[in-house]
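Presented below is the structure to which this report refers.
First chain written, first letter: the chains are A, B, C and D, and each begins at residue 1.
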Amino acid sequence: MIKAGIIGSTGYAGGELVRILTGHKDAEIKWYGSRSYIGKNYADVYRNMFQIVDASCMDDNMEELASQVDVIFTATPQGLCASLVSEDILSKTKVIDLSADFRLKDVHVYEAWYKIEHKAPQYIEEAVYGLCEINREAVRKARLVANPGCYTTCSILTAYPLAKEGLIDMSTLIIDAKSGTSGAGRGAKVDNLFCEVNENIKAYGVATHRHTPEIEEQLGLAAGEDVVLNFTPHLVPMNRGILATEYAALKKDVTWDEVKAVYDRCYGNEKFIRVLDENVCPETKWVEGSNYVDIGFKIDQRTGRIILMGAIDNLVKGAAGQAVQNMNLMFGLDESEGLDLVPMFP
Amino acid sequence: MIKAGIIGSTGYAGGELVRILTGHKDAEIKWYGSRSYIGKNYADVYRNMFQIVDASCMDDNMEELASQVDVIFTATPQGLCASLVSEDILSKTKVIDLSADFRLKDVHVYEAWYKIEHKAPQYIEEAVYGLCEINREAVRKARLVANPGCYTTCSILTAYPLAKEGLIDMSTLIIDAKSGTSGAGRGAKVDNLFCEVNENIKAYGVATHRHTPEIEEQLGLAAGEDVVLNFTPHLVPMNRGILATEYAALKKDVTWDEVKAVYDRCYGNEKFIRVLDENVCPETKWVEGSNYVDIGFKIDQRTGRIILMGAIDNLVKGAAGQAVQNMNLMFGLDESEGLDLVPMFP
Amino acid sequence: MIKAGIIGSTGYAGGELVRILTGHKDAEIKWYGSRSYIGKNYADVYRNMFQIVDASCMDDNMEELASQVDVIFTATPQGLCASLVSEDILSKTKVIDLSADFRLKDVHVYEAWYKIEHKAPQYIEEAVYGLCEINREAVRKARLVANPGCYTTCSILTAYPLAKEGLIDMSTLIIDAKSGTSGAGRGAKVDNLFCEVNENIKAYGVATHRHTPEIEEQLGLAAGEDVVLNFTPHLVPMNRGILATEYAALKKDVTWDEVKAVYDRCYGNEKFIRVLDENVCPETKWVEGSNYVDIGFKIDQRTGRIILMGAIDNLVKGAAGQAVQNMNLMFGLDESEGLDLVPMFP
Amino acid sequence: MIKAGIIGSTGYAGGELVRILTGHKDAEIKWYGSRSYIGKNYADVYRNMFQIVDASCMDDNMEELASQVDVIFTATPQGLCASLVSEDILSKTKVIDLSADFRLKDVHVYEAWYKIEHKAPQYIEEAVYGLCEINREAVRKARLVANPGCYTTCSILTAYPLAKEGLIDMSTLIIDAKSGTSGAGRGAKVDNLFCEVNENIKAYGVATHRHTPEIEEQLGLAAGEDVVLNFTPHLVPMNRGILATEYAALKKDVTWDEVKAVYDRCYGNEKFIRVLDENVCPETKWVEGSNYVDIGFKIDQRTGRIILMGAIDNLVKGAAGQAVQNMNLMFGLDESEGLDLVPMFP
């Protein structure tokens, strides 16, 4: 039985980790960290867990935690994991960081986009970018995994095979993404009040959103060239789900079947990636509560562009589900253990 | 492995049965019945099931079905199950009817409220009302189970212990219930369009809703007297969930602890019923996707009344989940097999 | 031109006052008070007002304000208006208080339910309870109007004619109310975040909500007897709207037409009260954005009860619209000036 | 007093026309056409209009109608207006067609995208494309106005000044649009049921949506060159609102102020177009219920692209509001008569 500790267990991603690990047959949660609710019953914070979780919230003592558990999940804002991690901790336990601290390989890029100093740059190289379908083998051996962002998981996986096989002109790639509101976190802000979000849609972070360099880095690695792109996130009045609509010029004339074959070469054996049939567009509702990535695409002969669409549940494949998928890999378990979550409709 | 057939598998309750049975280790679905979509791939109707369910929709041939499966679920409008069931079918297979056909013991009450002739009154007596927590032993032995309605499950379980122990004046009981829109079904009606339901709340079926006599009959059995009550359903702009707020005059002065003890005597060992702590009100979100019933109550000294509140997911405990719970009982399985569904939040 | 000042203009009720007064041909806003946003452009707080309102937010200086305007609206939490009002102020300007400070005639009831000391009990008697349809003449002459609460406006007006004409047993009255989330205000609280409210319904303040004594007082005055009742509010995932479902035992056998006649005697000339046709239930969406109260009712012969239903827009008839209606009366204008708001659908 | 007739008055756009014209001081509705509800009280179809509209629904008799009214609004699916319009009708009355029949100047393009034969191609040249801010003078003199589509109004107005002044490379223009569900109409379809739309987002009509050629034609006229672009609509779980996010490569280095100046030259005197301050992104909620178009933009130095964002209420500026704006122009009234609608928030 893998002993797991969660730092930040009362955020939405942390709560989802608890939900998923509760149904995982080879793991048990030993530490429900939450600086905001220290000493409070976890089930009093998340009442869905009443009579399911019987534990109190603990402080963020990573040293102490490292001595008690096999794996630590940090579901906290950027900066925290980097400020706490150490050789001592990594020698005792594995760390899966759901924040951005170890996702970018260039510390200057990190510091430029996140506007904070990186406290543990010495681990950046060692850290494995935990997009399981791309870095599976490296994840298996990792001590420290940087769990990808929600927008980035969706954006990268949707375009990855085409970038890798050189099908699209990377300089033309534009990603227009739409996210449910749980992605904004559980902080008490006027902007996230029901009446401000409901019956509304807006773009935000235009040309400045921090997930941009992460997408650029990973798609750049796939394409074998530097990638600079536009990424625009939007806030949608729904709890969960991300839809990424991506536009790029095709480098050559291709048919739907040929593009499908490109996806199949990459993802043919991937359980959690579903490339949809022709003329079917992904909908976030069809993946809700599950670890699936649904991908569809359409070739526009008139403009010479391809339009890619990817959908995930931002809290599952975009956060907690992928973290558990990484944990499974790191501990040699079946990759889908605890993740056989059938999407819930409606 | 229990072989299951579903008639009406493309309605919302039918779809939820598919979701739940897909995760059930001792059952497999052999027949996806759907008169509206005969021959169509099930996963083309419910795309959440893409690459999970690989089967086509079948006609409603109950004879044929009875020879192939161990249990038939009928998730269809009233009238259908009664028109198809026969001694031959019941001798070959078990039937769990999610419609109202066998819920009411008095055929005249059925015909008066549903305005249709009952086609199989000879099975009414045999049929077991499948509210597992109340009729567990009878369900175990049943061939034909009448799965309770969504509003009724919530309304009855919330008040049952107090009715049974004579704590409340049954003639004063008023039930004000609120339901998500999946309870209205998947039929294409203007009233259920997004723009008609969203940003709106209304009562409907006031003093005439068909779940009324079902609640009256069951609470009457509990109380040992005839019960006549007001039941008012409301449509709420959300997908899932029922909240029942119930009002009744207390027959004597009691404390919160005393009432809690009454609930505990009835439900102390019930896995799926969670009686909440004092001053905690149930919320439908806390049970979403799960088979739980959450119950809270408040004594109002000023008026001498008690206010009871119960919350369920209408598609799970109010339909498909309870149906599977009944199946588990009928086949001697662990009652919660396939139903360890942790509520999803948010 | 009536010069108006608003204290608390950046709350939801304050914002709605601005929207309505902007379209009022005989009034202009001279003071946009908002302690939280002093000095900030009003249109930067509420961007719907961009290029419509060109003014900065001001402090809550009631003395200063009284010397500049003809009427002050206080759209602030309880306690503020009572702490600021004075003979000097009332001699210079009229005050319409949207808080609870002057709604209850018994200061002890106020202090018991609101848990604060009343700072200006000397004005309680003078203050007029501003439910225009009931207290029209008194409002016309008032210096200080207590604008009714949102739940109370809906709850009282729905039952008032029946209470007044002695049709119902007041000791049996139960009010089950449902409100959109703007009623919870614009404060940054976790409970009001989109993801907490959306796809959820719950009761709150059960047996303790502060609107209870206000309803009891007014319906008691109508009935000519002390009234004690149950009032249960619920939070609904929508921005606007209140629906009150009310239950009471009828004192005698009556027909729908007889009850309709009772309503007509009271409300026959009321522009803003619409008593619906038989078998039509009010829906909050049909009054959205308007000052209407829609009322429907159903007699249940089986239980001897009548079920009343009333719907309003909580920010209009439940707050800002009614405040403007009161202003119109106080200044001798056409009562509906600025309030010819056609409900918006969908 | 202008006498107006509406064909298709019970669709969502038709209902909005009724709402707006009800508040118009120089117009009155004489004919509530609705083939689906002939003979039914209009206020029984749209209960918001109870005690406001006292009229029955009429058949679509355009001949008869032409003899009674000064202007006919056709708020019907494509094909109907073209099949009914004639010289006789146009000689008696003005026609504002909210469908697509006369929007495209090339009948072959119309027939290719709409897959129907055009029944009155002889009026295509005469018809004026009723985008008031662009074609104001022509509208004033028109007998037949083609009211622009909802997506197109938003998409075109957002990019128009930049196209006209040659600031952007038109071959790079990509429009990613998001719409509330009222845009899908009031037809009873499973796809538009509450439970299918709620908590969901999807793209649809990818590379094939019929508003594409309309946008291309108008922006082509502005730019003085043929334009071929990608337009992708998305369905958002909200009632009203369209947000268009548009991407294009800048032809030269410009500052925010320079681009703002371009907008100001075009729209500086336009009441209904609000170009927002720097770093402010439009939100659909801020224009809800009003005739405004809110526009924001951001220059991305990294990619050399500009990101434009436009927001409208699809039923107002995207349909009924613009139709009334056109009517005002055609009859020599103040262009904003009846359209001083302050956006409603929340």
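Everything that follows uses one rule, which is that a contact is a pair of C-beta atoms (placed from the backbone, for glycine too) under 8 Å apart; a residue touches a chain by one contact, two chains touch by 3 or more.
No experiment lies behind these values; they were computed from the predicted model shown.
The chain pair with the larger count of C-beta pairs in contact, out of A-B and A-D, is A-D.
Inter-chain spacing, taken between the CA centroids of chain A and chain B, is 36 Å.
Chain geometry summary: the mean Cα position of chain B and that of chain D are 46 Å apart. If you average the CA atoms of chain A and of chain D, the two centres end up 38 Å from each other. Residues of chain B in contact with two or more other chains: 12, 182, 195-196, 198-199, 237-240, 283, 285, 288, 346. Chain-to-chain contact here is organised exhaustively, every possible pair of chains being in touch. Interface residues of chain D facing chain C in the complex, by the touch rule stated above, are 12, 15, 19, 22-23, 46-52, 182, 199, 239-240, 274, 276, 280, 283, 285-290, 294, 340, 342-346. By the touch rule above, chain B contacts chain C in their complex via residues 172, 174, 176, 178, 180, 195-196, 198-204, 206-207, 228-230, 232, 234, 236-241, 243, 245, 247, 281-285, 288, 298-300, 302-303, 305, 307, 309, 311, 346. Of all residues in chain D, only 12, 181-182, 186, 188-190, 192-199, 237-239 touch chain B in the complex they form.
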